[in-house]
Each structure stands twice: as C-alpha cells, then as structure tokens.
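Multiple structures follow.
Note that chain A is present in both complexes that follow, paired respectively with chain B and with chain C.
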Partner chain A sequence: MNQIEIKGITKVFGETTALKNVTLTIEPNKIYGLLGRNGAGKTTLLNLMTNKIFPTSGEILIDGQNVLENDQALSQIYCIAETNLYPENMKVKSAFDWTKKFYPDFDRGYADMLAHKFGLDTSKKIKSLSAGYNSIFKMIIALSCQVKILLLDEPVLGLDANHRDLFYKELLSNYSAHPKTIIISTHLIEEAADLLEDVIIIKEGEVLLVDQVENLLSKGYTLSGVASLVDEYIKDKNVLAQSSFGGLKTAYLLDESARVNLPQGLEISKLDLQQMFIHLTNV
Partner chain B sequence: MKLQSIIRYQLSDSKKSLLIFYAIMFSIPLLTTTGFLSFGSGSAEVRGTEMASAIFIFVIGLNSFRANFLFSQANGVSRKTQFKGFLVTILLISGVMAIIDAIYTHLFSLLVPYMSFFSMIYGSIYLTDSAPLSALFGGLLWSFFLYALYGMFGYFVTLVYYRSGLIMKLVVSIVPAIFIFFVLPYLAFVNLAVSRVIVNLTVLAFGLGVNLNPYQSMFTFSLFFIIFAIGSYLLMRRAPIK
Partner chain C sequence: MFMDNSSEKPIYVQLAEWMMDAILSGAFPEETQVPSTTEISVTYRINPATALKGINVLVDDAILYKKRGLGMFVSSGAKERILEKRRKEFFDSFISSLIAEAEKLAITKIEIMDMIERGYTE
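Showing the complex of A and B:
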C-alpha cells in the first residue's frame, strides 16, 4: 500500500484561498499527472502532502497515517520542490551521502550512475549548478531514494530536450524496477502524457477532474464543419469550447457519444491531453 | 533514526566553525608566549574568555534554524524531530565547549596571568585546600549552563525573526532595546524601589549575596533555557517553508 487520502483540504494564505475543500484518493503504484494553470494550487497541494506547510482544514493520510509531524509517514515520501532546500555550499556528493543517512534505502551506486549518465559533476557545490543541473541533481536524489511515493514538482525545469528525454526514460525504468506512486506536476503536458496513467486537473484551487488518461482521451474530440451543422450536432453534447472562422466552426467535445451517427460534412479528430487541458481550464 | 541523522548533520554543520573559533582562541596564548602578541609592560591580565565562547555559541544558535529547517524538510524530518535534534546538539556543543574552556583556562593561566569569568565572580569561595577540583567542576558546570542558554537564546531569536513579518521584525528589534536601555534605567533612576528590585533580583538570580552561590546562577540559566526552548518550540511547531 502507498495510498494517499486527501480529505477536505482547504488552504488559505491571507486573503487567498489556494485550495478549496479538496478530496482525492491517490491509488498505490500509479503515475499521476497533476495538472493546472499557474496559481491553480498544485505546488500548495504537494507541499501539504509533505507537511512543508499546514492545511487550514482537512487532513492528508498516507496508508492511514496523518502526515502532520509524522516522521514515519514522511519517510515514505520524497518531493522534488521547485525551490532548492539544500545548503548552497554543500557538494553534490555530500548531499548524496547525507540523503543516505535520512533515507537508508538510498541507492548510492544508482545515484552515481545517473550522475554519470546526465553529466552531473558530483564534486561541484550545489550553488554552482545551472538551473538545469539543479533539476537533474534533485531528480537523481528523488529516483535513488527508493521511497514508496515520489512527488515531482516541475521535475524538468530548465532541462534541455535530450535530458528531458533521458529523464522520462529513467523515470519509467525506475518505476518498472520499483513500482511506486508517482505524482508529476508539469506544464509540459504533451511530453509527459505518455507516462501518465491517471490525471488530476486542478482549477482555481478546486479539483476539476480525476480520470484515467486513456478514458479521458477516448472522450475528447474536435468536431469541425459548417457552423449550422456543428451547432445542430453539439446541442445535446458536453462542449468544452467552440471557435468560429467565417461560416466554419470547430467544437471541442468531451463526450463519449460524439462519434455516433456523425452527419456528413462534419470532420472529427481526437483531442490530445494538452488540448483537452487547455479547453478544460480556459473556461 | 531521523533524530540521530539530524543530530549528526547539525553537529557536522557546526564543526568547522568550532575548529576555527578554538584555533583563534588557542593561538592567543601561543602568540603571547612566543612574543608575537603583547599585553604591554607591567601587570596586564587576560580575563573572562568564556564570554567569547558564549557569544560564539549564540551565533551558532542564530545560524542553526533556517538552513537546517529547509534541509530537514527536504529529507522528510518533522519539526518536532528537528527541534529535539537541536536540543541534543546544543547541549553536546555546550558540554564540549565547557570542557575545552576548562582546559583552556588551566593552560592559559600557566602561561599568562589569566582569570576566568567564573573565577572573577565566584573565585573567593574556592580558596580552601580541597577547592581546586570543586572550582574546576563548578566552573565547568557554570560554563555549560551559560553556553546552553546562549545557544538556545540565539535559536529563539532567529525563530522570532523567521516567523515575523516586516513590522513585527521591527517591533521585536526595537522594543527590547528601548526597554533595556531607556525604560528600565529611567524607572530605576526616578524610583529607588525599582532599582532596589533590579539589584535584588540580580543578586538572587546569580547567587551574589553574602554567601556567593554559583549554583543559583546555574538554576537561573537553566530556567531561561527552558523558557526559550518552550518559546522556540511554539514558534517552530507550525513553521512553514518560506
């Protein structure tokens, strides 16, 4: 079990409500995508799951244990934060050594191997790492910790395309070798889409949608054609968005029945996860 | 497990500073005896280097929160465990420093006229034949409690600043200074009863009455250590990442 239960979580910062009564169950050993626009509350939720901050109300349980001030629950989880939490003067290899003391299952050999693969010089101080290598450094620690739950907040921030590709491959190979619950919060939806099994979309502090990626993609369609035909066809359908150009219209649908009895003159194509996310969160 | 690790980490974090501090402290008698450092002609004396140690451990306390907190949070350590770790660390450092300072006092007094701060205050009660050992023990314990208090106070101060907003930071910076340097002297000046209370409290707190008693000041140091420890924990238990 590596189940996470989020029960009625609300977080208020001054006059801003970052999360409103969020209730979720994260199932064990799955890769989740946590998606949302800037300021939607993704980082706040991840910070709450690791007790870096405290909820205004509600609770978060890992395998039935509340995470608040709970060393045992917190030792099952590792979070890559956007900000650097390591002392700037610490060397990368020293950070590896110390992580081993806090996470006894930390695989030092694997960390060194990843550092070699990504070209990370472990004798460098953390403050001298570029933004990309800072992400690589944190990602290597996260993958080598061998914890049951990994939270990755913008894990590929500053990484070039080659390193991003390598990261996705390493993440999958790590997941295959040691199944764990992984939650990836990212804006690069198109790139990460193939990794994700389930998706959680947050909008303005509220959970908009939780679904399997496969299931979600099977419902999403783009319908285009003459405006009157499109309007007639979509009137009883779940329409995410519409756009018109001259006498033509395109409608974005989230509806399983969208492909049934399609009249002539209308064209239909699939929506990918990123397009679906844009239309879901644009409203 | 995590407690042990955080103690090790915090000790290792202070190790380098401690080595530099004592390298400087021990270089003073060495430089003096080799003639590189002079206290002038005549009967010059060096006194009370414990205060340098106390200020040093205060700075250790000041620097023991923010970076360690972030590092603890990165490694899944609860605030409670981090706080326990700091308590053990500061007590260990205080103990080690008290022992080193006792050795230092002994060595330094062999080389130059030297009197520790403890001897200056309570030295007169250790004049009998059997006194050197109890003076050593008393001085060591007194330094230990003094250092622990200064370290805890530094930690408390840094936590007050960490948890305060800009206005609160200004308030906690200015108000105590105004109270100590202006309000209290003014009250003592205009009202003899107030100055008498201050003097009586100081005498009682530090055991400075007719019968000098260093254990009274150790009790006072411990009491304030506990007060600052409770204050620090209350400030820390809900501290968010900033």
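Showing the complex of A and C:
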C-alpha cells in the first residue's frame, strides 16, 4: 500500500488562504494529474505532503501514518521541487552519491544510464546546469530513488520537445517495472493527458473535481450549430461555457446524460482535457 | 501512431482498432506475439491501464489470447473474426452516416444508387 489521505487540510500564509479544507484520497499505484491555474495551491499541497511546510489545520496520512515529522512515512516519498535543495557547488555525481545516503534504494546504475540517455554530464557542477538540465538532473534523482510515492511538480520545465518525449517514456517504463503512486503537476496538459489515469483539478485552494480521465472525457463534449437549436438542446444540461459567432453557437458541456435525439444541424465534437480545464477554471 | 487526439473515441478503443488493422494487414500474423502492454504504453506514451483495457477488449473478442508467462498472441481465426465484426459495423459506420448526409443535401435514394454504380465503374 502507498495510499495518501488528505483530511481537511487548510493552509494560511499571512492574509492568504492557499488551501481551504481539502479532502482527498490518493489511491495507490496510479498516475494522477494535479491540475490548477497559477496560484491555485498545487505546490502548497505537494509541499504539505512531504512535510516541507506545516498545515494550519487538518492532517495528511500515508498508509495511515501522519507525515508530520515522520521520517518513516517520508522515506517512502520523493518530491521534485521547483527550487533546488542541493548545494550549488556540488557536482551531479556527488549529488547522486549523497542521495543514496538518504534513500538507500537509490539505483546508481539506473541514474547513470538515464544521465547518459539525456546527455547529462555528471561531472558538471549543479550551478552550471542550464534550466532544462537542472530539471533533468532533478527528474533523474526522482526516478532513481525507487520510492513508493513520486510527486513531480512541473517536471518538464525548460525541457525541449525531444527531452519531454524521452521523459514521459522513461517515466512510463519506470512505472511499469516498479508500480508506484505518481502525482504530476503540470501546465502542459495536452501532452501529459494520455499518461494520467486520474485527475485532480484545484481552483483557488479548493478541490474542483477528482475523476478518472477516461470517465471525465466521456462526459465532456462540444456542441455547435444554429444558436436557437443549441440553446434548446442545452437548457437542461450542465454547460461549462458557450460562445457565439454570428448566428452560430458553440457550447462546452460536461454532462452525463446520453446524447440521443440530436436534432439535425447540430454537431458534436470532442472536448479534450485541456479545453475542459480551461472552461472549468476560467473565472 | 494510432492516436488521433481529435477523435471522440477513447484511447483504449483506438488502440483496439489499431491492433485489429495491424492484424488484418498481416503485420501481426496469427499465432505470433503482439507487443506487451508495457511496450505499447511506453511507445505511444499512454497510461498502462489504458493499454491493458484496449488489449482486454481484444481478449474478450477472442482476437488475442494470453500464453502464460510469455505474453499476448494473435488467436488463430482472428482475421476472420475481425472481418466479421467489421462487416457488422459497416452498416452503422458507413451506410447510416451516408444516408444522414444525403438527406442533409437533399440527395435522393435513386441518386445515391446511381453514385454507387458510378463508384464501381470508375
């Protein structure tokens, strides 16, 4: 088991309430997407899970144990943070050696293999790495730790398209070989969507929805056609947003009811995760 | 790449259809092994649970079968079963939509028949 229970978590920073009474259960061995706009509270939530900061109220349990000052629970979890916590003058390979001291299961051979694949020179100092290689360096450590829970906060920041593709593939082969709970927080929803099994969307510090990606996508669709027909069809449905263009109207729906008896002149098309996210989190 | 991100079909359905096309084309002959869910997941960057769901659709239809400890194989007679399935779907996916579009354009039944005749001669 490597289940995470987040129970009634509130986090206040001075005047700002970053998270408001968040309750969530993260099921073991699934890949989750944690989505939210800038400032929604994603990083705060991840930092609370790894006990980097303390909640104002509420608790977080890993396999039933509170994470507060709990080395045993925290040794099962690794979080890629935006900020670099390694000494800047340290070389990449010494960082690998040091990580092994904190995470005894750290797989050095695998880390070196990944460094080679991504073209990361392990004799370089961490401070001399470019933004992209800094992300790669942190991601290699995360994948090599062999922990049960991986929290990836913007893992592909600064990576070029080729390295992002390689990262997604390495993440999936790592996950297949060693199933673990993975939470990915990213703004690049479109390219990460197919990797995710479940998705958590947070908005202004509150959980907006938690669902299986496939289930969510099956509920969402775009409807377009003559405005009067669209209006008639959507009047008893859950509409996320709508836009007009001359006499035509497009509606974005998140609705479970069957799409039967579609009047002629109306067209249904797909609403993908990114579009859905935009309509759900627009103010 | 089998994935079409603008398609309304779920990824696992697209995967199953892609695999059936590959079997029909002879890319995966009967009684040979097909890629594992891990290989499919990594190659096409999809969640392994999605890949497994797509493969299981084909196992349920007896198009693939599992050889214990070895992996997934194409069943003998799979090609014939896929053809049968596709023929059944032909009406829904082509004929129904053809008639719907024809009605929209006010094309008569006789005119459609003529067009089909023409299609065969050209």
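Keep this in mind: the second predicted complex is superposed on the first by the 281 of 283 C-alpha atoms of A that agree within 3 Å, B and C clash if a C-alpha of one lies under 4 Å from a C-alpha of the other, contacts with A are read in each partner's own complex, and residues count from 1 in each chain.
As a working rule, a residue touches a chain if its C-beta (ideal position, glycine included) is under 8 Å from a C-beta of that chain, and two chains touch if they have at least 3 such contacts.
Because the structure is a prediction, the values reported are computed rather than measured.
In the superposed pair of complexes, A:Leu196 makes contact with chain C only, with no contact to chain B.
Once the two complexes are overlaid on the shared chain, A:Gln264 sits against chain C while remaining clear of chain B.
Of the two partner chains placed by superposition, A:Ser228 touches none, neither chain B nor chain C. Judged by the touch definition given at the top, the superposed model places A:Tyr175 against chain C, while chain B stays out of reach. Of the two partner chains placed by superposition, only chain C is touched by A:Ser218; chain B is not.
Using the contact criterion defined above for the overlaid structures, shared-chain residue A:Thr23 touches neither chain B nor chain C, since it reaches no partner. Contacts of A:Asn238 after superposition on the shared chain: neither chain B nor chain C is touched. When both complexes are overlaid on chain A, the residue A:Phe54 reaches chain B alone and has no touch with chain C. Shared contact residues of chain A with chain B and chain C: none. Those residues of chain B lying in contact with chain A across their complex are 1-2, 5, 8-9, 67, 70-71, 73-81, 237-238, 240-241. The touching residues of chain C, when paired with chain A in their complex, are 3, 5-8, 10-12, 37-38, 41-50, 103-104.
Within the complex, the chain A residues that touch chain C are 30-31, 165, 168-169, 172-173, 175-177, 190, 194-197, 213-214, 217-218, 221, 264, 268-270, 272. Looking at the complex, you find that chain A touches chain B at residues 47, 50-54, 69-71, 74-75, 77-78, 81, 83, 85-87, 98-99, 101-104.
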